Amino acid sequence: MESNQNKPRYGMVIDLDRCNGCGNCTLACAVENNIPPAQPEENERTGITWMRVYKVDNDKPYPENRAVYLPLTCHQCDHHTPCESVCPQKAVEYDTETGIVAQIPVRCLGCRYCMTACPYHARYFNWWDPEWLKGMETTLNPDVSTRMRGVVEKCNFCHGRLQAARAKAAVEGRRAIADSEYIPACAESCPTKAIYFGNLADANSEVSQLAKDKYSFRLLEQLGTEPKVYFRSEQPWVHQKMDTKLSAAAKENAHG
Amino acid sequence: MDKQYIARGVSRMSIKKFGLWMLPWSIMLILGAYAVYLCLIKGLNQTNMDNRFAFGLWIYLDLTVIALGAGAFFTGFLLYILKKKELKAVINSAVVIGFICYSGAVGVLMVDVGQPLRAWFTFWHPNVHSMLTEVTFCITCYLLVLAIEYVPVILKNRKIKQFSSMLVFEHELHKLIIVFAAVGTFLSFFHQGSLGGLYGVLIGRPFAFRPALGIWPTTFFLFIISAAAAGPCFILLTTALASKLSHKHLVTKEVYQMLGKISGSILIFYVLLKTIDTLIWINSTSPSLGFSAASFYKFSGFGTWIMFTEIVLCGLIPALILLNKKMRMHFAWLITAASLACVGIVINRFVMTIQTLALPTLPFDQFLSYVPSWQEVATFLAVLAYGMLVYSLSFRYLTLFPQERELESL
Amino acid sequence: MFPWVYGFSWTIGNIVFLGIFFSIVTIIGTTVLISLLRAYRAMQEHHAEAIRWESEFQDLPISVRRCRHVFTGEFKQRTCDNGFDCRSCATHAQLTQHKTTNSDDIEVPIHVYGFTMPMDRLYHRGHTWVMSEATGTYKVGLDDFAAHLIGTPDGIELPKLGTHVQVNGSAWCFKKGNSAVRFLSPLDGEVVATSDGSEGWYLKIQPQTKKIDTRHLLRGREVAGWLLREFERLQAKLVDPKIGVTLADGGTPVIDFIQSYPDRNWDTILGDVFLEA
């Protein structure tokens, strides 16, 4: 997509060396986005976690064993968005104004084709009817619509917060929102500030600078999906494990 | 007791025996109906599908029965458009089988989606870039065509054709059958292809992704050709099975030979294309996406033996048998080859659906396993039972095999 | 799906895809509609009987559809492809154009296997016969072969007076035990009289034209050849499969074969004899 000063391209850089796996981001996301409470039979493959923290290690025994925690969310793929092109009824929409890939739950048929298309496992299906226990409905966020049984949902960079920021700016007579006015729940709640969020189209933004850093990489770069979530680590084994350009370059130098 | 509904010149088992035959299938159908009820009422948590295995047994079943049901359109094409008159002997049976396969697939699909009542949304907001839209449109139209082709077979039932209006309508409908055969061929070409395209476009699944020929991935064409090859084989097998179970000669040897020969020629062509496609995938497509082809086969139970079984044992070998006249004339070899060919298609659809989803995509993913729940299996068996019931009723009361009467008197 | 639906855009993809879809639906719908309209028109114009015969004829076994010119030895093997309607058959016209004298016509009744086939009438392949009367009407009855086969029917269904019958259309019906048999009309016309068979005929028909076209009816020597084959086919079906066909040593055939051989597949046999598929 064309990078345009007027059209932001929201993205993230997640510093794996800072993430301690506390899971605050997952919790904050669940609260912000009205994720339904888990049913008793739900497990790690049927539960809904728009933001989810994975533990990645270097497969070596103690004392060489190293691990990082990797928060995984929707990467808002910028190029030939795999989930958008496959949806049979256009329930997925790449928003050209922000670069966010939106999901339309009321149009979703629940065919789950988008879930097979996504290589980042960012999409989750409502295998159960969402149910809130009596009294819990008071904890719901009024800015985010709840979903129904049998539809797919995923992270949308807390789009409700973007709408709220735009509304606030409009009240104050502004068109554009400042960077600090819009931040997703996960980035906001991270205690180690591992998640950086901002406008990748703005060359001066922090995320933009971090994304260009030599230690930053994206997952499955070679697929060509142009994800807008970058990861960063200064540990060489991480680059090796993730098969990044840096590790490839290092291998070439070694053989050189 | 029901002789007045059974055609002249053919014998059928007593209605008591027939009832006994239908009983186990009816029970299977009822069990399946209960499983469907559970899934519709309680939700898809009744299955063992999950966020990693978003497609499971049902989607695999859909793809397989639609590939095997391709015999309906292909036999129609060969008979009405290429004028291969011998196939008149099996066209009615082929239409019924096709109808069973497609209606069963659509039925299962309605349970598989999370919101079946929203099925019409695909028509209202079609996404022309999505293969699934193409599949939905084509299969709906084609099911309609199959139903229209089934109607004349029903109208020629002994009792029904006594009503002049029914007979006259059947006559007029049959005069225009070539239109339906042509439309059916056109639709089948596209939906068999786009079922393959479903997986070929998945850039996120390098195991399944294939380069494009025009606007379609190579799997589009491979699926059409494999369906055209498997179709006649399945017709051959179902005819032989019906023959065996009813202890009758239903078609002449020439019909079996023709089906086998056509299938063999298409199958060998398919094996050639599939081999070329696989080699390109191994050497170019997969590595360019950052995955070596070998890396997909290092998981226990899912080694390269699957690939060789699919292409060689269940592709090349049956093709060679079917093309060899001496072996083809030998009934046991013919049935073996036809079975192997169908198994090859079954494996191919399995590889594209289940194996694709089991394989890891992210560097820290695991290889996953999935076992269908009893509700999924019961639904699958319900489709089988439905097929047996519909086919048995059709075989008893309708003329599925026009040659049967002649062969019975010999 | 339609231009007025929210989210629609006139892209090439949309136009081509939806264009093809609507064309397909239109083609399917139109074809079904045309069939329905044609069927309706055929019913209105009383073509139902002709269509019924055309359909039934296709479903008859090959051995039943033998061309009459096999009976006279003109062909060794030939299957009729014209619904036994020799009036419109080019081959029949060719073979009979040289026969200016009716050398095949004989006056003496033919006896085959004990069945008597008088020559004062013409025979239809469905074992009905037609005989002209001085008044211009035609009598229609059942031939000796059929009479022996069925014997006395358990019930007769005769058409109402004024009913129009067509060549190869349904004329009247018998009920016998579990079987029902319908007999084909050998000519076109209006039913002016019916009878229960006690006088030897069942229907009296008044045709539309003064002279009826009888080219499709059997006469003369070919009746012998025809009846021979009919009886042989019948015998093959009646015989005990373990023993096979035995040689008859004279005598006349019994009346009411059905009663004499109650356990045979009469449904099929009667269908073959009276040309019902």
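Each chain carries a letter (A, B and C) given by its place in the written order, and its residues are counted from 1.
Everything below uses one rule, namely that a contact is a pair of C-beta atoms (placed from the backbone, for glycine too) under 8 Å apart; a residue touches a chain by one contact, two chains touch by 3 or more.
Keep in mind that this is a model prediction, so the values were computed, not measured.
Can you name the chain whose C-alpha mean lies closest to the mean of all the C-alpha atoms?
Chain closest to the assembly's C-alpha mean: B.
Please state which pair of chains has more C-beta contact pairs than any other pair.
Maximum number of inter-chain contact pairs occurs for A-B.
Taking each chain's centre as the mean position of its Cα atoms, how many Å separate subunit A from subunit B?
The separation of the two C-alpha centroids amounts to 40 Å.
Distance-wise, how many Å sit between the C-alpha centres of subunit A and subunit C, to the nearest whole number?
It comes to 78 Å between the two C-alpha centres.
Give the residues of subunit B that touch two or more other chains, as numbers and ranges in rising order.
124-126, 129, 133
Please list all residues of subunit A that touch 2 or more other chains.
90
Do you know which subunit C residues sit against two or more other chains?
Residues 7 of subunit C touch two or more partner chains.
Subunit C touches which residues of subunit B in the complex?
The contact residues of subunit B facing subunit C are 3, 8-9, 11, 123-126, 128-129, 133-134, 137, 141, 144-145, 148, 156, 161, 164-165, 167-173, 175-176, 179-180, 183, 186-187, 399, 402, 405-406, 409.
For subunit C, which residues count as touching subunit B in their complex?
1, 5, 7, 11, 13-14, 16-18, 21, 24-25, 27-28, 31-32, 34-36, 38-39, 42-43, 47-49, 51-52, 54-55, 59, 61-63, 178, 265, 267-268, 271-272, 276-277
Show me the residue ranges of subunit B that touch subunit A in the complex, using the header's touch definition.
The touching residues are 43-45, 49-55, 112-115, 118-119, 121-122, 124-127, 129-133, 135-136, 198, 201-206, 288-290, 356-357, 361-365.
Enumerate the contact residues on subunit A facing subunit B in the complex.
39, 41, 43, 45-47, 54, 56, 70, 80, 82, 85-91, 107-113, 115-121, 123-129, 148-152, 219-225, 241-243
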